[in-house]
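What follows is chain A paired twice: with chain B in the first complex and chain C in the second.
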Partner chain A sequence: MQLSRGISWRAAQKNWLLIGALILLIVFPFIVGALTNTSPTARRGLAVYWQGVMIELLIYGILTMSYNLLFGFTGVISFGHALFFGLAGYLLGGFQRAPELAESGLLIGIVVALSVCAVLGLLIGTATLRLKGVYFAIFTLAVAEMAYIFLSRYEPTGSEDGFTLGALPEWFDPTRSRLTFYYIVTAIFVLTFILIRRLMESPTGAVLLAIRENENRARTVGFNTLTYKLFAIVLAGILAGVAGILFTLLNKKVGPEMLGTAYTVNPLLMTIIGGAGTLTGPVIGAIGLRFLELQLRNVQIAVGDTVLEIGRTLPIILGALFILVVLVFPYGIVGTFVRWRQNRKARDAERLAKQAEALRSVS
Partner chain B sequence: MAEPILECRRVRKEFGGLVAVNDVDLRVERGRVHSIIGPNGAGKTTLMNLISGIYKPTRGEVLFKGQPITHLPLHRRAHLGIGRSFQITNIFPNLTVLENVRLAAQARSNVNFNVLRRAYSYTDFIAEAMRAIDEVGLTPVASMLASALPHGGKRKLELAILLAGAPELLILDEPTAGVASEQVREMIGNIARLRAQGDRTIIVVEHNMNLVMNVSDYITVMHMGSVLAEGTPAEIAANKTVQSAYLGELYSDVLDKAAGGAHE
Partner chain C sequence: MSGLLSREKRGSLIAIGVILSILLLFSFFTTGDLSLVRTGGISAYLNTINPGDFSITLLSGLLRGMLLFLVAAGLSIVFGLMDVLNFAQGGFFMIGAYIAYELHHTPAIIAAVPDGNLRFLLGALVAIAIGAALGAALERGLLRPLYERPLFQLVITFGVSILILEATKLIWGVSPRSWTTVFGLNEGSFQLFGQQFSVYRLFVIIVGFALIIAVALLLQRTRIGIIIRAGVQDSQMVEALGINVRAVFTAVFTLGCAVAALGGAVAAPFLGASLGLSTEFLLGAVAAVVLGGLGSYEGTAIASLLVGITQAVVAKFGVQYLNQPVWESLSPMILLALVLLLRPSGLFGKE
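Here is the complex of A and B:
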C-alpha cells in the first residue's frame, strides 16, 4: 500500500508544524513574561495584557474555523453567522447574571446557549437549505439583522448598551485568573481544530467537500446532500456559539454589536485571506488580521506638524491589504500554497508515469 | 419477454406550456445497450432526468426492476442502482481524480455518516476507485486535481465515477459530446467493454451515429417529445420515417452499412 504510506507520512510531516504551534501556545504566557520581565500570574502587567490579546485572537480563530466549516468546506455561504455568536453570548449572560440561579447559572447558560445554537441551526437549515446559494445567504442575513435590531431596542437586556455579567467564580474569572482562562481557551481552540480536522478526514467530511464542489453530482452519486448540509450548519452554529460564550466571558459583557454584520464579515474575510477550505488558513487569517487590527489601532505617525492616526484609516488599510492578498493569493495564503504543492506533486507523478512507460517501450 | 429493468409508462413532463416529454412509453430490457436518439430538443435529456430523478414527471410512472420509483429522490435512486453521466462535464473539480472516484465507491456503502474513522482507512473504496480509474486509463493522473485534466480526460473521469458506483443501469448522456473524433473510437470500446461485464444495462443518449450503430442492441428514436420509432439498429436504419424525419442524408453511408447487416 504505497498510497496509504504516502498519506500517513505527509500527515506526520504536517503534524510537526502543528505540534510546534501547540507547544508555542502552551509556553506563550511564560515567553511573554520573560520578555517583558513581568509575571504571567499577576493581576496586571504586560504579560497579562498579551495573554488577553492572545485569548481574543484564539476566540476569533474558533469563530473563523466555524465559518470555514460552512463556507470553505461545505460551500454554504452564510451572512448571518453573527447570530449564533451573539445569541450564545446573550443567553450565557442572561443565565449567568440571574441571581436566583447563583453559581449554577454559568453552567446552565453554557448548556442552554449551545443547545439553542444547535436548534437554531437545525431550524434555519431545514427552512432554507433547499434555497440555492445567495438566497440562503440573504435569509440568514435577514434573521441575524432582525435579532440585532430587536436586541438593540429590547430594554430588559439593556438595549444598545447590553449588560455586564455577574461575578464569576475566581478560578474562571478572566481578570483575576487570566492564565487559567488562557489555558481554557487554548484547550477549546485546540479541540475545535482537532475536531474539524478529524471531521474533514472522515467519510462525512469527504461528502461535505463533494457538496462544495458539485452538489448535484453528489446527489446523483447517491448522497442525501440536505442531511449533510444540515449537519454542517448545526455544528458550525454550535462552534460559533462556543466562540460567543468565550468572547462574552472575556469581556464580561454582551451587547447587540455581537450580532452585527462585523462578526459575520470578519470571519468571512479572515477565511478568504487565510485560505477557504484549508485547515490552518482561517486560523492564520483570523489571528493575523485581528493582530494587525489591534496593533495598528493606536499607531500615530507624525508627518511634520500633522499627526496621522492610523487607527482612523484602518478600514482603508485593511481593505487595501485584502485586495492585495486576493490578487496575489487567489486561494488565500495557505490555499494557494497547498494548491501549488498539489499541482507540483501531480506533475511529478505524471512525469514519472511517462518515464516508466517510455522505459517499458524501450525494453 | 422477461421483466424489463426499467419501464416508463406514459411519462409526461411539461415546463409551463411546453411539453418536453409527451406520454412516452419506454421498456429497457436487462443486459442491453439501449440508445436514445433524436434531434436537439426531442426530449432525450429530459427523459433521462425523469429516470434518474432530477425532475419529477408531470404525469406517468417510472419503474425500476418492477418497483415504482417515480417519487423517489435522486440519491435513493442511485442507491437502487441507477448511475448517470451528464452531457455537460459534471465532476468534482477541486478534488483529485482518485477522490472523485472514491466518493462514488463510498456513496453506495453505509459508512457515509461516520465522523470517527478516516475516509482513507476504508482501503476497499480506494481499491475499487483505482480499479475504475485503471479501467478508463487515468491511472497516471490519479493524484491530479480533476480540474487540471483535459476535456477528454474529464469525460473518462465521469465514466470512472459511474463505474465505481457499480450501477445496474447506466445512463450515459452524450458520452462523446465535445470529444475529439479519434477518442470516439475509444469510447465505443469502453461501452462495449462495460456491456461485456455481465449483468449491466446501458442507456446511451447520443448524436454520434457511428457510435450508436456500433454499440446498440436496441434504439428508440425520439422526436418532439414522443417516440417516433423503436427497433434494432438495422430496423431503425431501414426505417423510412426515421430517415426523413431525422437522419436524412447525413448519415446515409453509416446507415446503409448497418441496414446491410453489419450488426448482428
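Here is the complex of A and C:
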C-alpha cells in the first residue's frame, strides 16, 4: 500500500515536469509576443520568427525521438535515417504540387508518404535485420546514399535545387497562419512523445529493451525478435516521415540535402548527447543542440588577428563533441542524471539502514 | 595460395567465373550498336562491335578494382580481426587524394621540388604517413576504450568519417579539384585496338596486383601473418597463447588506413580530389568486402576486381545507352544492396 502510493506520487511528480513543459509550449507564442512586444498572430515580426524557430526545434525533436526508438531502445543502428525524412518530403511535395490533384494533393501526399515510409522500413528490415547489426547499418547507408545521388541528379525533381511546393490552403500555410501551424506541430510532437512513452511502458516496449540488451536471450525466451525489430523500424520510419513532411511544409521546399548525411548524423548526435534509451533525452538533445546551432550560426570570435567563424567550424565542433560524449559520457545528459539520482537514492537508503542498525543496537 | 584451390572453394570460384563471363560478354556485345539488331542487320550490328572500347572498359574496371582493393583490404582484415567495420576508411582515401593534389599544385612546393615525378612520390609518401598517423590515433584513442561496447565502435567510426569530411570541407572547400599539373609518369599512353590508354593507369593496375600478392605473402608466410590469420579465427585464443593481440590490432588498423590513403594519392591524377570520394569508395569497398565474404582476404581481392569491372561496365553502358552518367556513382550501392539481399555471407564467407 505504502509502496504503491510512493510510486504513483513519484510518477505524478515526474508528470508535473512534463505537464509544465506542455503548458510552456502552449503559451510560448504569447510569452514571446509579450516579451518582444509583437503580435503572435501577425504575418511577420519577432514573435512569428520565434514561433518558426520553435517549430523547427520540435520537428528535430520528432526526428530524434524516431531515431532513439531504433538506436536507444531497440539497439539497431541506422546510418540512413535521412532516407525516410527526405523521401517523405519529396513524396509530399510531388503530390502537393501536382495541378491535377488540386486541394486533395496535400492529403494524398501525406498518406502516400507515410505508407511508403512504412513499406520501405518493412522491406529494409526484412532484408537485413536477420543478419548482424552491422549489415543493417551498411544497407541503410547505401540505400540513403543511393537515393541522395539519384535525386540530386534527377531533373524532373529539380536536381540539386529541389523544388518548391504549390500554394497551401490559408489555414495550413506556415507563412500566412504560422500560429495554427505551430499548434499543429506542437500537437504532433506531444502525441509522438506520448506514443513512444506508452509503447515503452507496454510489454512490447519491454521486449524491445530485451532485444537491445541481449537479442539471443530474448529469442531464447521465446520472442520472435525479428517481428519486434520490424515493428520498431516501421514505426521509426513513419515518425521520421512525419518529421520530413512537417519540415517540407515549414520550408515550402524540398531538396536532395534532406536525404544527405546531415539528417542522419544530427539525430544520432542529438540522441547520444541527450541520452540514448531515455524518453526525454533525445528531445532535450534535439532542442538544445539545434537551438545552439541556430544561435551560433553567425557568431564570430576574434582571437588576436584571426576571426573565427563559429558557423563554419560548427560541424567540426559538433563532431568532436559527439566523439567526446561517446567516450566519456556515454549515457548522455538525461542518462547520466538518472544514474546520479539512482546512486544518490541508493546511498541515502544505505545511510538510513546504517542509522536504523545503530539505533537498534543501542536499544 | 593452395587454400584458394581447395575443394570447398571450388563452388565459389565457379560462381565468380560465371558472373565474370556474363559481365564480360555483356560488355563485349553492348559495345556495338544494338538498335541495328531490330532493323534486321545482324551482321551490320556485329561489325559495330568495338574490341577497343571493350578492352578499355575492362582495363578501367581493373583499375577501379585495384583502387577499391586498396580501401577494402584494410576494411576486410580489420573486420575479421577486430569485428569493427571502419566507416572512416573512405575518408582516408579522400584525404590521400587531397594531400597528393595539394603537394603537386602548391606553388611553394613546386618551387622547392621542381621534378613532377619526385613531387608525386613525395605526395604519396606524405599521404601514407598521415593516413598511418590518423589511423593509429583512431585505433588507440577512440576504438580501444570501446571494445566492450561494439555498438558504439560502429557509431564512432561513422562519427570520425563525418569529422574527416567536415575538416576537409573546412580546409579545401566544397568544390572538387581536378589534377592540372603534368608529370612524366602520367604522360605516356599506348594504343590498344585503336584506343588510347594511359601508361600511368596501367602502372597503377600492376602496382595493385603486386600489392595483392605482397599482402597475401605477408599473411601466408610471415609470423605476423600467422598471428593475423589466427586472430581472425579466434582472437581470444591467440591472446591466451601469450601474444599481444592489441598491438597486432593497432598495427593492422594503421596499415589499413595508410594503404587506403595511398590509394587516394595514386588515384588523384585521374580522379582528382573531391568530397564525394569518401562515401563512393567506402561503399564500393564495403560492397567488395561483403561480396567477398567478411574477413576473407582472397574473397576481398577477387570481389574488389569484380566490383570494379561491374562499375566500369555499368558506366560504359549507362553513358552509351541510357545517356545517364549517374549510374556509375550508383552502381556500387546497387551492387551492395543486391549482395546483401541475395547472398549476405558473400562468395567466400561461411554461412
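In the analysis below, the second predicted complex is superposed on the first by the 314 of 363 C-alpha atoms of A that agree within 3 Å, B and C clash if a C-alpha of one lies under 4 Å from a C-alpha of the other, contacts with A are read in each partner's own complex, and residues count from 1 in each chain.
As a convention for this text, a contact is a pair of C-beta atoms (placed from the backbone, for glycine too) under 8 Å apart; a residue touches a chain by one contact, two chains touch by 3 or more.
Computed from a predicted model, the values in this text were never measured in an experiment.
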**Request:** Examine A:Y49 and indicate which partner it touches, taking first as chain B and second as chain C; both and neither are also allowed.
**Result:** neither
**Message:** With both complexes overlaid on chain A, does A:G75 touch chain B (first), chain C (second), both or neither?
**Reply:** second
**Request:** Quick one: classify A:T128 as touching chain B (first), chain C (second), both or neither.
**Result:** second
**Message:** Is A:F28 touching anything from chain B or chain C once the two structures are fitted on A? First, second, both or neither.
**Reply:** neither
**Asked** With the two structures laid over each other on chain A, which partner does A:G222 touch: chain B (first), chain C (second), both, or neither?
**Response** first
**Message:** For A:F291, using the defined touch cut-off, is the partner it touches chain B, chain C, both, or neither? Pick first, second, both or neither.
**Reply:** neither
**Item:** Partner chain(s) touched by A:I138 [first = chain B, second = chain C, both, neither]
**Value:** second
**Request:** Kindly classify A:F322 by the partners it touches after superposition: chain B alone (first), chain C alone (second), both, or neither?
**Result:** second
**On chain A, the residue positions that both chain B and chain C contact, one per complex** = none
**Item:** Parts of chain A lying in touch with chain C, wherever the complex brings them together
**Value:** 75, 77, 79, 127-128, 131, 133-135, 137-139, 141-143, 145-146, 149-150, 153, 261, 265, 268-269, 272, 312-313, 315-316, 319-320, 322-323, 326-327, 330
**Item:** chain C residues touching chain A - in the complex, by the definition given at the top
**Value:** 85, 87, 142, 145-146, 149, 151-152, 154-156, 158-160, 162-163, 166-167, 169-170, 279, 283, 286-287, 290, 326, 329-330, 333-334, 336-337, 340-341, 344
**Touching residues on chain B, where the partner in the complex is chain A** = 52, 54, 73-75, 78-79, 83-84, 86, 90-96, 99, 102-104, 106-108, 111-120, 122-123, 126, 139-145, 148, 161, 165
**Request:** Report the residues of chain A in contact with chain B in the complex, numbered from low to high.
**Result:** 1, 3-4, 7, 198-199, 201-207, 209-210, 213-214, 216-225, 227-228, 231, 277, 339, 342-343, 345-346, 349-350, 353-354, 357
